[in-house]
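Here the chain labels run A, B, C and D in written order, and each chain numbers its own residues starting at 1.
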């Protein structure tokens, strides 16, 4: 197992945002966590990447405990988080955004090579490398957020709602790229999505989170047919 | 008669069109749901109606009068009151003080500011009596002296509705009142909302979560990408293909 | 033509003082009120070194030594302020602000007691004049201008073309985004305070060679700098540069036409007008 | 609707304050007779500063710390100084109110731009506006006398047989103003309006949504506080007999801010405790005047770094502890656990 959480509990003030969440994610696969708004998906990712301290429970990455590590150390170990809302640097160039992603790396040559690879995956970023990030369209910004995360040469990518606010055609393309990435770049992906059908169609394993607790898990192609999943969303 | 008429309202932020010409009407005494996935523009819509944002074009009429460009407190004084998505309370005040503060527009005058609409909330001569009634009605009496920030999230949500109620609205707009509550809390808040309607208050409820609005709302308006994509009863909306796609999404194509 | 020269001298002074303040503000999200005193320390560094090295080093060399020593010493002072005040009070920007306000008086009085309240001036390290196209250009002013350009160029290179500088810019724009790239906030804070304070000292050494050095010079420069960064757009370096030139032009023209004494009022009125109609300044980012 | 319970509560607290004042008043009236001339003038200046500071605290209740307060007070001072030294001098009593009015008008004019800003932006913009106003005192030397200022400002003419020519008489005038302003502002602080202003400071968005005109309720305390500053400025000018722009410099503004920080602004009394501390400090180190701003700065740093909330919080905590100690030793939590803040 690449990433494992066990009995992870997170509290804001006195209220539990996550209670005893135990899940795992494997290398070279997409694991998805679906659930409605406020279910605790974003909190889960922020806890893994060290932005939030858990109240109890463990997080292990490649066998090492990371639940007390700083965000810097977690990035250094190989986890890269593409946050909700993307959190780009709006008034610096696309190129600079990408290079900030490689902040902790010192191997200039390898950085150069990764930059070229990202430009291959997303040619539009190469065309616009001198433009400011805020001048990109929503889809392009999402690609930039991806690219920036890949620049740290991660082993595990955490993605928070990459499809948000994007037109369906772009959503499809993003998911397509994601699938290619896991195979080509050898990274594991944890994908958090409100768009369950989309997420489950690209993932191999899925978890359903509700009110901070896991309520369902299984292979994605089974979950997608599960009436409980549909009910969880639409109340059908 | 429609208490609220939203007439082709649009809002642009620079290049981004957040709301692209939405129209709908809410008849008096209805509980209306406004739903849509994240980023669909529903919160923007909410700000546009309550005066926290000014529409780029279109008009908003409340009880027949345009309220476009009016400041939020002026709109609130007319009886259109809103809550916030993130629980908004006076954190350092007690529950009672929060609700009493909600009486601001009525305090210091004889009786409540009269509303040109049906007013079935009981009438009170003093803020204290009214506060007492609201605390009781919203089941907050036991915590009346608690500092608001110490309440659990669900109770804080109830408190923010209670404070809005103190303004004695004719139209109450609730922004995700059920999000983040546990099932028991959800049921009790939903019941409160229904009984508010029975007191003559029209309600517009914005929710991300479809399930929670279905049981409460009489009519539901669905928006996505800043446009209205459906309107109808719970059954009509949930069987509408456009709505299903907006919420569940389309699976990724495996060809590509 | 003399007017143009004066505008450029004045504007570069405003730039050199305001830019460090704007940098610290942009990254730390709070004002370092002691920035004015750091600038004053730069002035006194020059004064002390010139006094100490008279006859030992040529004044021009002492000037350059003062630039380096002043920047280093005050930069370290900036780091101490970061560790003792900014870090301790992080998440409370207003308390930091008030604490540095207190600190600025402590430093000011310390200098008054150590050196005396009277203004001092140093003989120009690079004396003489150049007559050019009917303009009288004191060489020292040209040197100051030259070094300001070098300082701004250095800052530009640091911010635009080094990894650390890029990280500083990124942090100023989006803290969460920066943390997620593995950028350590402590590290960036120390860097910013060092660079910002060193810039204040450099500005002080430069201006100390043409203006009077006094314990109160920082306070006088500071409020002009506030106007500049508010008009330029809070946290925006390019905005600060634009506004510095704007006020350089206005103040020079007013002085030239005999209304110089009203310049402070006019500047403040411009600031109030900008706040009324463009609350985020000329080039400020809308939050 | 009438807010009866809150009113009753406020009246009760206010009544207690009135009784306290009534008891203290004879003492305060007798005080100057026990003091030397020097200490009488310290007392007068303390009283004038206290008035100014009560106005300042009112401004902070809307959530903003102004740095223009002392320059605004200067408007009152210059109004009286200019008008009472004309060839046909105005009566002090006319300038007394006119000065305060002008200070209020200035606040009203700058309110529109500066109240668009919050926190330290507000501080910076008021700093710049106040400094510009002070520059006016320097530059419009035809009216203000420039850096030399205005001298031979007469003391107020006697009224009802009261002579304000000596320190004691002037002290009674300052005391009367302090008591009137203090009681009025204290009642205002307890009133519904006062509470609403604090509610706006605590959560502006929510306040606007329940029908509170937040813009008006941020402007009101700013203007009212400035009017009070104007009154204090008028008295200062007449007491001192001469004024110049240095009397309204940022160092003295810092003293007011320091008093507010050191004392705290959560209670009405906090800033006054702070002022008492600063005045005591000043008198103890009377022979080292140059050091005094440093001592203020150190006090501010110490309070911010070590005693959050200022002396008022220290006092409140001590009183609570003392009460617990005296009241019921048995109830104390084991190990003296700290009370929730």
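Here is the rule we use: a residue touches a chain if its C-beta (ideal position, glycine included) is under 8 Å from a C-beta of that chain, and two chains touch if they have at least 3 such contacts.
What you see is a predicted model, and the numbers here were worked out from it, not measured in a lab.
Visitor: Can you give the shortest number of steps from chain B to chain C, where adjacent chains in the path must touch?
Guide: Graph distance in the chain contact network comes out at 2.
Visitor: Would you pick out the chains that touch chain A and also touch chain B?
Guide: none
Visitor: Counting C-beta pairs in contact, does C-D beat A-C or the other way around?
Guide: C-D
Visitor: Let me check something: if the centre of a chain is the mean of its CA atoms, which chain is farthest from chain C?
Guide: Between chain C and every other chain, the largest centroid distance is to B.
Visitor: Roughly how far is chain C from chain D, going centre to centre by Cα mean, in whole Å?
Guide: Measuring from centre to centre gives 33 Å for this pair.
Visitor: Can you work out the whole-Å distance between the CA centroids of chain A and chain C?
Guide: Computed from C-alpha means, the inter-chain centre distance equals 42 Å.
Visitor: Per the centroid of Cα atoms for each chain, what is the distance between chain A and chain D, given in Å?
Guide: Here chain A and chain D have centroids separated by 54 Å.
Visitor: Nearest whole angstrom, what separates the Cα centre of chain B from the Cα centre of chain D?
Guide: Whole-Å distance between the two chain centres: 43.
Visitor: Among the residues of chain B, which are close enough to touch at least two other chains?
Guide: As it turns out, chain B has no residue touching two or more other chains.
Visitor: Using the touch definition from the top, which residues of chain C touch two or more other chains?
Guide: In chain C, no residue touches two or more other chains.
Visitor: Quick one: label the inter-chain contact graph as line, ring, star, complete or other.
Guide: ring
Visitor: Judged by the touch rule stated earlier, which pairs of chains are there in contact?
Guide: Pairs of chains that touch one another: A-B, A-C, B-D, C-D.
Visitor: Which residues of chain C touch chain A in the complex?
Guide: 163, 166-167, 169-170, 173-174, 176-184, 285
Visitor: How about chain A: which of its residues touch chain B in the complex?
Guide: 13-15, 36-38, 161, 163-165, 167-168, 171-172, 175-176, 179, 194-202, 211, 224, 230, 232-236
Visitor: Where on chain C does chain D make contact in their complex?
Guide: 30-31, 85, 88-89, 93-95, 97-99, 101-106, 108-110, 112-113, 117, 219, 223, 226-227, 230, 234, 261-262, 264-265, 267-269, 271-273, 275-276, 279
Visitor: Residue numbers of chain D touching chain B in their complex, please.
Guide: 1-6, 192, 195-196, 199, 202-203, 205-206, 208-215
Visitor: Residues of chain B touching chain A in their complex?
Guide: Residues 37-39, 149, 152-153, 176, 179-180, 182-183, 208-211, 214, 225, 238, 244-245, 247-254, 256 of chain B touch chain A in their complex.
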